[in-house]
């Protein structure tokens, strides 16, 4: 899921780097306000913990085993902002020291795994962590964090023009689903074991309306990404739609000038239509959820 | 001459209500090296954490005449240096030099002066060659010496060492004993190592159930409380 | 362990090692952008940039074969996508993927092999990265191997105690045992973090970290900056014009 350099097209990695910077700045400020520099050792050592935790194998089948990714676990124990900071630090170290993930692609990886993935991992716990469905909420958080990160990465690769025929896409999605379920199971079991050792480790979900907006944003992003992924399995349908609505003609002229250097001939009505459809969907869903959120 | 450490009636309770310290009285004079002996959980480490204000309980704690309270805490923590049991957690900076310079920097020295102080302290413990190294690459004995250098760099009056010989092999223990003997500061050594205590300390205080049950020479405490390790005879 | 080797390489003494981290970061970023935004004459550009990196590796007195091999860690992931691309009838795109991802990884590897990580993180402050985040990364790196070693011990202990049950029941038992091991590792790491914080307070930590190392530009740094920034750009312009 760590996207290396060379995969994403320039508009994609540049836009995500530009978006990641203020977002990371924001979560750092939130994490610091609660903690100040005194909590640097805690976040640093827990980051080392997540790294080390990847060495511990969880058997899940005949000969296969999974390992913890950790976003949801960190969010439910350290809080979402701190978890975002820890995961960002982890991704930076992975990119620099282990060349796992690119440097230009760091913005994309951070948004996928350290921001959206962590928040998606925390949301079910925030909503249902106090109820009887607690364990299910934790499972859902773990599963969502991996699923959302993977889906976003996939969408970004597709928008960038990385070739992925429907069959390969199907296999990837199946693998992501399995990883998501494994993460859910691991997170749920580890949280249970943690509570047995030290109930204080597992923090109580904070009450607050801010998360309604987060949920809205998350759902919107998820739908858009999902839209891009599934639309790419049926590009002809989208292209037909684009022709019918007359978008495609305008798209060709728009694309031909600034993107002249991009040899990829696949860039045509399909791409813009997909992106356009995604953005419209995003706005619609976001608007509906924000309305729901306000009514609460 | 006023005592370097003066503790009267120190009481401390954990959050769950367990009484850790139940009225401790203690004095440390100039030039003394005192051993704190006692079973695990008898309160030795908890007591040490009160000396530099990491914990605060009821009663009086004075270091070099200063009461240990938030107003004096910066000066207190300069005067009394704690060396913890696990050096790995004490050397938290990326390089040896940066770690030893941590204290001087916090006391307001500029980076150049702080680096000079740090090098001087490293010379004192014989570790100046390791200045640019990462702490991870050092042996247990070397880490302990660097940790001590980190304390010496701010020119303290008192050293408190918690189980310093843990993780050290016999040559390491000897080297540590030699180093400590050469340092002029008064010392408090929390230890289970009776050979080490006998070699270093003029006096011992025996902790039991959160109080100092008795004080005397190390030999007296060892005999009174049967505090030596004697292997059971098998033949 | 990979990063132990990297740590050793980064403490070398070549001219490249002595350069200010900021100019090395700038040079690598320019290199990466030049590579990422290129779409024509990729074979020539790739060869030219590869040559530049090899020269840099030699100048830094790094073992060339070792460096080239380590950068290959991206290849398995990339090869899959390249293969798919080739099967889908677009081998050029697949080749471009392999070339770009490998050269990018090699460039970053050279950066980290010539700059100790804490110094590199200080250099990143100049790109506007928040200091809090950089300090977290610094502590993470410091304790990475310590906690990993603890995890290794626990793994071995768990294996030694390993469930002898086979099949699903055995799997479930091992799964729970692994979760228990992780929980213990979590608790130990948390306790270590508290010990570290106590040690910091005991040495008068004022609530923020004061840096010891200050970065200063020298003449050699300015020269390197100019060279490092112009070389990839000039090569690309030249290749695209001539070919």
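All chains are identified by letter, namely A, B and C, in their written order; residue positions are counted from 1 within each chain.
Going forward, a contact is a pair of C-beta atoms (placed from the backbone, for glycine too) under 8 Å apart; a residue touches a chain by one contact, two chains touch by 3 or more.
Just so you know, these numbers come straight off a predicted model, no measurement behind them.
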Comparing each chain's Cα average against the average over all protein Cα atoms, the nearest is chain C
Chain centres computed over CA atoms; the one at greatest distance from subunit A is chain B
Expressed in whole Å, how far the mean CA point of subunit A lies from that of subunit C is 22
Note: subunit B sits from subunit A at a C-alpha centroid distance in Å of 48
Whole-Å distance, C-alpha centre of subunit B to that of subunit C, is 39
Residues of subunit C that touch at least two other chains are 117, 138-139, 141-142, 146, 192, 196, 200, 205
Among all residues of subunit B, those touching at least two other chains are 92
Multi-chain touching residues of subunit A, meaning two or more other chains, are 41
The residues of subunit B that touch subunit C in their complex are 49, 52, 54, 74, 77-78, 81-82, 84, 86, 88-90, 92-95, 97-98, 101-103, 105-107, 111, 114-115, 132, 134-136, 150-151, 154
Residue set of subunit A touching subunit C in the complex reads 4-7, 10, 13, 21, 24-25, 28-29, 31-32, 36-38, 40-49, 51-53, 55-61, 68, 77, 85-86, 88-90, 92-93, 95-100, 102-104, 161-165, 168, 185-186, 189-190, 192-194, 196-198, 201, 261-264
Listed in rising order, the residues of subunit C that touch subunit A in the complex are 2-3, 6, 28-29, 32-33, 35-37, 39-40, 70-71, 73-74, 77-78, 81, 84-85, 87-88, 90, 93-94, 96-97, 99-101, 103-105, 108-109, 111-112, 117, 120, 128, 130, 132-133, 135-144, 146-148, 150-152, 154-155, 158, 170-171, 174-176, 178-187, 189-190, 192-194, 196-197, 200, 205, 207-209
Listed in rising order, the residues of subunit C that touch subunit B in the complex are 7, 11, 116-118, 138-139, 141-142, 145-146, 192, 195-196, 198-206, 210-214
